Amino acid sequence: MRWPERVMGGPLAVATGAVLLTAMLGAVLLWAGGYDPLAAARAAALGAFGTRDALLSITLVRSVPLILTGLAIAVAFRAGVWNVGAEGQLYAGAVAAVWVGLEGGSLPALLLVPAVLGAAGVAGALWALAPALMKLRLGVGEVITTLLMNFVAIYLAAYMVHGPLQEPRGVFPQTGPIAEGARLPVLVPGTRLHVGVVLALVAAAGLSWLFRRTRIGFQMRAVGASSDAARIAGRIDTRKVVLIAFLGSGALAGLAGGVQVAGVTYALYEGLSPGWGYTAIAVALLAALNPIGVLATAVLFGALEAGAAAMQRDAGVPAVWAVAAQSLVILAVLALDRVRHRAGSEASGV
Amino acid sequence: MSEADLVLFLEASVRLGVPLALAAMGEAITERSGVINIGLEGSLIAGALGGALAALAFGSAEAGVLGGAAAGVLAALVFAAFAVGLGTDQIITGTAVTLGGLGFTGAVYQARFGATGTALTLPTLAPLPIPGLADIPWLGSALFAQAPTAYLAYLLAPALWYFLFRTEWGLELRAVGENPDAAQAAGVRVRRVRVLATLFGGALAGIAGAHLALAHAGTFAENMSAGRGFIAIAVVALGRWNPPLVLLAALLFGAASALQFLLQAVGVDLPYQLFLAFPYLLTLAALAGWLGRTRAPAALALPWPRRG
Amino acid sequence: GGAESDSGGEAEAPFRAALLTAGPVSDAGWYAGAYEGLMLLRDSLGAEVSRQQTRTPAEFDEAFLSYGSSGYDLIFAHGFEYQDAAIRAGERFPATTIVVSGGGRFAANVVPLIFELEEASYLAGMLAAGMSESGTIGMVGGVEIPPVEGTFRAFEAGARAVDPDVDILESFTGTWDDVAAAKEAAGAQLARGADVIIHNVDAASFGVFQAVREAVATGRTAWALGMNRDQNDVAPDVILGSAVIRIPEAFLETALAWQAGELGGRPIYAGASEGVIDFVLNPALASRVPAELVAAIDTARGRIRAGELTVPRVEFVEPEVR
Amino acid sequence: MTRVLARLSGVVRRFGSVEALAGADLEVLEGEVHAVLGENGAGKTTLLGILGGILRPNEGTVEIDGTPVTLSSPGDAWARGVGLVHQHFMLVPALSVLENLALGRRSTPGRLSRTHAHVRSDASRLMERTGLDVPLDVRVESLSVGQKQRVEILRALLRDPRILVLDEPTAALAPAEVASLFALLRDLAAEGRAVVLVAHKIDEVLAVADRVTVLRRGRTTLTELRASVDATSLVRAIVGGEAADRVSVWSPGQATAPRRARGQEVAALVDARARDASGRVGVDGVSLAVGRGEILGIAGVDGNGQRELALLLAGRLTPDTGSARIPDGVGFIPQDRTLEGLIGEFDLTENVALALHADARFGGRSLLRWRDIRTEADRVRVRFGIVAPGIDTRGGALSGGNQQRLVVGRELLVATDLLVAENPTRGLDVSATAFVHGELRQVTDAVTGPGVVLISSDLDEVLALSDRVLVLSRGRVHEIAEGVRTREGVGALMLGGADAVA
């Protein structure tokens, strides 16, 4: 039954074992590939946390879209809505944000920034509306529809930068820069850290409050835990709650796209996202769908990516190796998390 | 469109559909056991590289297919060890396995063929026309003048259907995916069933990857799976977790992709991004129309034993 | 210092150079050439080198920041997509010079490096139209970006120069690494009657060659053309010739110019006259190309080098410069 | 001397800080029907789970046929001849009844059709013999709780166990079914097998058992032959010596309830029709009215439209045709507490909040007043004697009877106008049953109190509590004339309807 324990002794041993094993495996593989594992680890750690720039300009900037998409996933999954479409909703948000940011140049920043972010949220929500209606009206499972909508959104964004929103000279597949007034101010002068991070923090705190204190938050949790019991015992309009979860989730993912455009890139490009909408699923699940936990896991994933990039630059480890190392770290974290749970429920385990 | 065009279009549809069909039918079996392996992409790319290396080593494309299957199983084994053995979250584990698959295949490829890569020429799995059948008008060459892996897909569809719905093992597999506690109470070894189902899915994904490298492209390139593992997961749902329907869904998807290339070559003057989005839009339309209501296995993606 | 910087040894490296690519350098194409360029700087100039593969625009700024703040002298950002971030980084790190391959914007320390591959793909177009028996030729692209646009427009012009009535098909696969998609796109063009196909799909190019091979196997006559690197030996049985960029040489020239203090404030054009761009026939198949056609191509090549023939191009660089 | 088939000694089992078993013993002899009794939460299910290979003990030993064994899965237990019928069903809802019966048998490896043919003929024979009737080719998810219970029992019997272990098998069965099940259990014992049975109704236990074991707070406090105990001594053992005098115990023989004055009408159905989940007509033109201060009993064999009638009256379903007038303050005790009554992952407070979250006093439109909800939750816990460390305990960690207490207690809180109760005392121990019955009578004592609709498969309960009785058969209701309001009279009407359906 519980083979790891049986083979290896107590849960602590398994935890240590799993981490050591993955670390050793990673080290051996790197070494076999002709790279210095210690230098790689050092470069990764320094590149993620080692300097002010590493922490503020790189790791934290990277974690902002992960926080927002992670929260998007948390909202949906908490209500039992398996939205795997955050990636597409993010692109929809980015397109809308850029559009407003380009067109609204005459507005004062005080109005333009909210308009840009608002448009991003609305676009993300609208992108989620299609699968929501397909689920509620036609009974089509959302896992597949939201996944398909991702591809459509990515090609829509590609079309936009080649077509209607292409930069004025019509040469490069990108938009022109959005108006100065549409950009998110930098939070810490001299770094790339923009106020989007504050927005992400506020969103996390707000969601945490929503789940704990509000009626709709409670209803979402109930529907997610048992739709039948929510309907029968809780007299909850489960369809309404599902719709709200879809829209809220889409809006947050759309906001992630808007914040990325307004805070970091100032223009829309193809390949804006490396798959944040998918990584977000891991971010949210690792946080057990807890909004505050998402902050921690998003920073973890942001640091992982920052570390992987630094490993390339400063230890000469090629990108493919850095990606492989990332996968090993995630597996080690998973094993650790699992064993922590096991240890907690050891007495009650089956 | 002329008849010749249509025949070529149908051939391309099947060619593009077969790797999806193989990977998706395997994943359908995995998902029927309650395990969603989104590390499928990892198995697929591992299969492509494993297939390429084995084909080079043994100088035979058939050996390459076996090598692909083995590499696919290896990636699935990592997934199963964590997600089924340790009970880690399936989605996160799958993400890690996909990353690992893409990373390690790239690393092995570069270690073997140099940092700048090389345009590998591999022994190819040539089309094997089936005498008689291949001459059927319209569909004959599309269906029956394909690589042997295509025939594997055709044979697997009914075989897996029979397995799932007409054998005791199939019943156990479905029970494990619907309610593992109940299956266990009835004496079924839940973990064993899930591991085997996952490895089977990995083997088929590996063969799909080998097909891409050996029967389709004739080479290996990093990331050449190009997201087909994720498409296959959508195809499983489109095919309602039922192997023959999954095969049809994969062929439908293949046809939509083939149409995209056909329309571009014909010179239809629309932004090409629209063509690229076409297969996905068509699938959405199919779902909204007649394919509607799907129900996933009830225990899909839930770790077992339940945490709490 | 990175693992690739070992050649500097104990002596102080004369300068530090970095390479940014938006795809794997194992593509045996566009990025591989850049990697070889970086290695050339290391081996022939003793540079201390480092590189990073980036995936998103957000990472561009980050990479410039990291290299800029750790004192790299010369950064090769190998793709137009880096240009906006390069301008931002250029302001922040005045001591660093950034070379953006195919870029359009420039500053005192931000230099677009323009490969005039059009010059070679024009010649490829001539060859294609001249060799086509069906009167239909094809182009398979990955993503529609300016360098691809440019080569395709020049290819068309070259083809029309030989055969004004030639039909030219164009398809895009949307990715650089999906070999199977490239093969199907080429296959669809072959089915429409195209018998000479050029590509600009980087790592996926093998799919195009494979499609042509399979068409030949059915008894047809069909040819392929290589792009970016000399691909003639990749599929010597079907590739008539390749439009080549000698990226390493271009990088070396650029680095030398930088060392001489001559780099900055204006774009660098690397074309046929600089010896960076060339069209090379596949010697194995040279006998299949009619002598008049070879002669016509050679004439055109000479006129391009002499500046007498201007091939169509997609203008990258901000207009006020040229 | 008869052989000991199984012996559990000194068994300790902990769940976190809760000690469910604190040194329990159980001895199972060849050829006996052995009843296990105890309060809700006493540890009965835990003990049986250890015998059935579902749970492993923290301490103590399990012997089968005299040899100590480690049962690490139900499969192990099956292999040793131990078959368990679970209190909470272990069925696969998406599979058909036949598939559920065939699952895991592997008697004839290979083709399913062959297995199915065997199982079908075996099952038909068994259904005939036991009187437990279920359609074999429908999905389990469309069955009523009573039908699921039958499937569980049939499945265990089909595997021909030497030790058959049944955890509250009678809670969802009609009286006639209970009688024939008991006859079957006696036959099995006579064949030399052993039967271990948990039941809360003392009279049932006394009717079928050869020996009884009583658990109290995780310890075995009594094991006696049937002959040496009686109802009073058993109740005393169950609730504990001192407390015995203070609890009232409900027993069926009690006189039928006197009719009381009916208050103002609070709910009504007029010619209502509704389909069930699978699209068949469930309620087929029912008109009835419920008044304040009355208990309206609805008797019937389940599967005759109870489910839809309950949902209609509780306002959880709107009729396809006809009309329903339902008040605001409705409480609803659904038939399946684990699927519909509560959320296992939610703690007690949150489960209570399920009923209160819409109530203006506890938050109303946007914010919830958790402090007040916690107070209510704690009140329910204390008042209904829920055995749990506190109100932060997960619903899923409660014993079956304690889950039922939670649901009943919560719904009584909100039932200011109407309470719709499906088998409200299912799974409750003797004292809790009496308590709930008392509550139902008490809230309806005033003509201003809520109306109660009591839908129960337990005819005795309906007759004992109801002011009026209706019989539901084939989706229609029949009023019982005062004269035939007897066990026999109503029973005949119920079965008549049932026969006609079958």
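Note that the chains are named A, B, C and D in the order they appear, and that numbering of residues resets to 1 at the start of each chain.
The criterion applied here is as follows: a contact is a pair of C-beta atoms (placed from the backbone, for glycine too) under 8 Å apart; a residue touches a chain by one contact, two chains touch by 3 or more.
Computed from a predicted structure; not experimentally measured.
When chain centres are defined as mean Cα coordinates, C lies farthest from subunit D. Chain pairs A-D and A-C differ in how many C-beta pairs are in contact, and the one with more is A-C. Taking the mean of the C-alpha atoms as each chain's centre, subunit C and subunit D sit 75 Å apart. In terms of their C-alpha centroids, the spacing between subunit A and subunit D amounts to 45 Å. Centre-to-centre, using mean CA coordinates, subunit A is 35 Å away from subunit C.
Averaging C-alpha coordinates per chain places the centre of subunit A 27 Å away from that of subunit B. Taken residue by residue, subunit D touches two or more other chains at 54, 73, 344-345, whereas all remaining positions touch fewer. Residue positions 106, 109-110, 115, 222, 273, 276, 295, 308 of subunit B are each in touch with at least two other chains.
Residue positions 1, 155, 158, 162, 318-320, 345, 348, 350 of subunit A each touch two or more of the other chains.
Here the chains touching each other pair up as A-B, A-C, A-D, B-C, B-D.
Interface residues of subunit A, counted against subunit C in their complex, comprise 34-36, 39, 47, 53, 57-58, 61-62, 155, 158, 162, 169, 171-174, 177, 192, 260, 264-267, 269-274, 306, 309-310, 312-320.
Of all the residues in subunit A, the ones that touch subunit D in their complex are 1, 213-216, 218-219, 221-222, 225-226, 228-235, 345, 347-348, 350.
Of all residues in subunit D, only 54, 73-75, 78-79, 84, 86, 89-95, 99-100, 102-106, 109-113, 115, 155, 344-345, 394, 396-397 touch subunit B in the complex they form.
By the touch criterion stated above, subunit B contacts subunit D in their complex at residues 165-168, 170-172, 174-175, 178-179, 181-189, 295, 297-298, 308. On the subunit C side of its complex with subunit A, the touching residues are 1-5, 18, 22, 24-26, 50-59, 61-63, 65-67, 69, 80-81, 83-84, 104, 143-146, 174, 314-316, 319.
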